[in-house]
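Chain lettering (A, B and C) follows the sequence in which the chains are written, and residue indices restart at 1 in each chain.
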């Protein structure tokens, strides 16, 4: 593998080999093999139980594989944490603080200089940095956008997003897609798990289809013979 | 292996009967306590057995944690060697020799440390990775049983002899109680934890428990020097004939403990093998057979992707 | 290294700010502490001659109850919205989070003790016959002993069923030597009969041993899913 840190766009920076994850008797991932290239936008699709969230969590270092290897930028996920951003359906934010306060705190965890990054991140997701309302009182769309701001705060090279658009109003969702497109154009690698893949048709570089703990197909367009159950038709929030 | 078990079982049964006979008939009557003292032949060997088992649990837990990474495993080994060497040499140095409590010979302290180091490496050689955890569970459970025997026989002995059921200042009985509490909480943690890392958490708790034991000992020891209390079980020297019977009894208990541990160990290993087989089956289950039936089986199907 | 302390400090200030904003939990804990003292007062007759000898034990048992209530909510805010995942995904060292939480709990429990102690003095007409200043190191070291292990076991309990039950279940056995020392030291100081030095040294050793163990092993506990 070429040196991942200076790899040009298109070289693999995430490599997964024979990844198995079992929770007791239940197998979530059955030997996943995949490579993901730098600077590309991937969408991971599949039914409930296909293993999408487990795969993303394993890549982010939140779950230890039962067997198999994960290499991100040539390192293990825990070692590459500086360059990873993660967002999930729970907001990963403190409900009692305002958006800016939340970001100022998470800023400290990444040991980077400050305030201006936080403001930029909030503005990038289309929210008001001055807003003093606590995050708990945000609408779902605002909360997801603030969660995204937290994920991109430290300017990570790789973004993992798990269901970023669920229960989000169409306007917010489209704004987020636009933002993600901009990030991909700026050479970030993005992996999104979603049931609303139609939102990403035209933006995503590749669609990765999962079923029963394995990757079964990879396509350039959102078509695989039929829409998998659970995929929302275009436009439905 | 399979034939050894029944043979050993018969030998142990014989040894237990022999020890019973020795304890109740052959051993001389105590000058002060009369016949009641004979419970010592069950009380003390149970304690020694329990402590040995808990100590093995501690070693297995430390190794389990240290073996997570090669660097920590190496560091742990060197530390144990250092402890062995220092423990072997130190009791013979005059300043340290003076500090030893009366009745403790330097040579016995030295050999104890040597045994500690030896035990670490022996366990490390014959038990690897998961086996260490199985050993930990086994010794914890059997240890708790023997510890319970100590805590029950102690007050039964105390009441007729000293007129009290319990003395909080009795350093040995109280330390044993704390050890029992720690290991019961260890077993509860194992049962209540549904994390994939239960084994690591339990090993961490065992380490905490081991760190606690000397502190317990010292706190009670100082409490007792300030508030003199009756010492259940007595100290001081023992008639060599009584010591002889005590050792026979201990031998019988050790064999019995070994048998029980062996059974429990095999049982645990078998049950884990079954789990692994089921997990492997679930892994190899071809996609497409997933349907209503497997949806019912999987515990995490709600909300998972 | 610098980032360790700045992360710990940032977490601590964040927790204090959040606790201050919604004082509900704090007020409820203060009231609970008051109730505990009152129950003790009714159960152990304060006019009895021997009260000075048993008050040491009563006070620390009361502190223990209040501490468990405080410790049980250590990670409550991090559990909502799975904020712990955000921490685990970042490069921040796990024991910085632990230290901040432990210090936060220490401040909280000290606050509760500061309310309860004067009440005990009043209800039991306590006069300190020994060197009263020694009560300060005993209180500080004893509280830290409960809080450092309590914060650690609270994190362990996150991965278990019956979370609120597991915390005291794991904490009490390991805390026994600390409790013995705290109670004996307090009683010695109150009655003036014996010196409390040894107990204070023992508490110090206990604190050093277990603070080290907690800081070293917290990463393992945090990463357990």
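In the analysis below, contacts are C-beta pairs under 8 Å (C-beta built on N, C-alpha and C of every residue); 3 or more make two chains touch, one makes a residue touch a chain.
Everything numeric in this text was worked out from a predicted model, so none of it was measured.
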*Report the chain whose mean Cα position is at the greatest distance from that of chain C.*
A
*Most contacts: which chain pair?*
B-C
*Hey, which chain is the most central one here, using CA centres?*
C
*Averaging only over C-alpha atoms, locate the centres of chain B and chain C and give their separation in whole Å.*
30
_What's the distance between the Cα centroids of chain A and chain B, rounded to whole Å?_
48
_Interchain centroid distance [CA atoms averaged], chain A/chain C, Å_ = 39
*What positions in chain B touch 2 or more of the other chains?*
196
_Contacts with 2+ other chains: residues of chain C_ = 223, 225
*Which residues belonging to chain A are in contact with no fewer than two other chains?*
64
_Residues of chain B defined as touching chain A within the complex_ = 196, 275, 278-279, 282-285, 287-288, 290, 295, 297-301, 303-305
*Which of the residues in chain B end up touching chain C in this complex?*
65, 178, 181-182, 184-185, 188-189, 192-198, 200-201, 204-205, 207-209, 211-212, 215-216, 218-220, 222-223, 226
*Which positions of chain A touch chain B when the two form their complex?*
20, 22-28, 30-31, 46, 48-54, 64, 162, 193, 211-214, 216
_Help me check something: in the complex, which residues belonging to chain C touch chain A?_
3, 6-7, 10-11, 14, 17-18, 21-22, 77, 80-83, 85-92, 223, 225
*Over in the complex, which chain C residues touch chain B? Could you list them?*
149, 156, 159-162, 166, 169-170, 172-174, 176-178, 180-181, 184, 188, 194, 198-199, 202, 205-206, 209-210, 213, 217, 220-221, 223-225
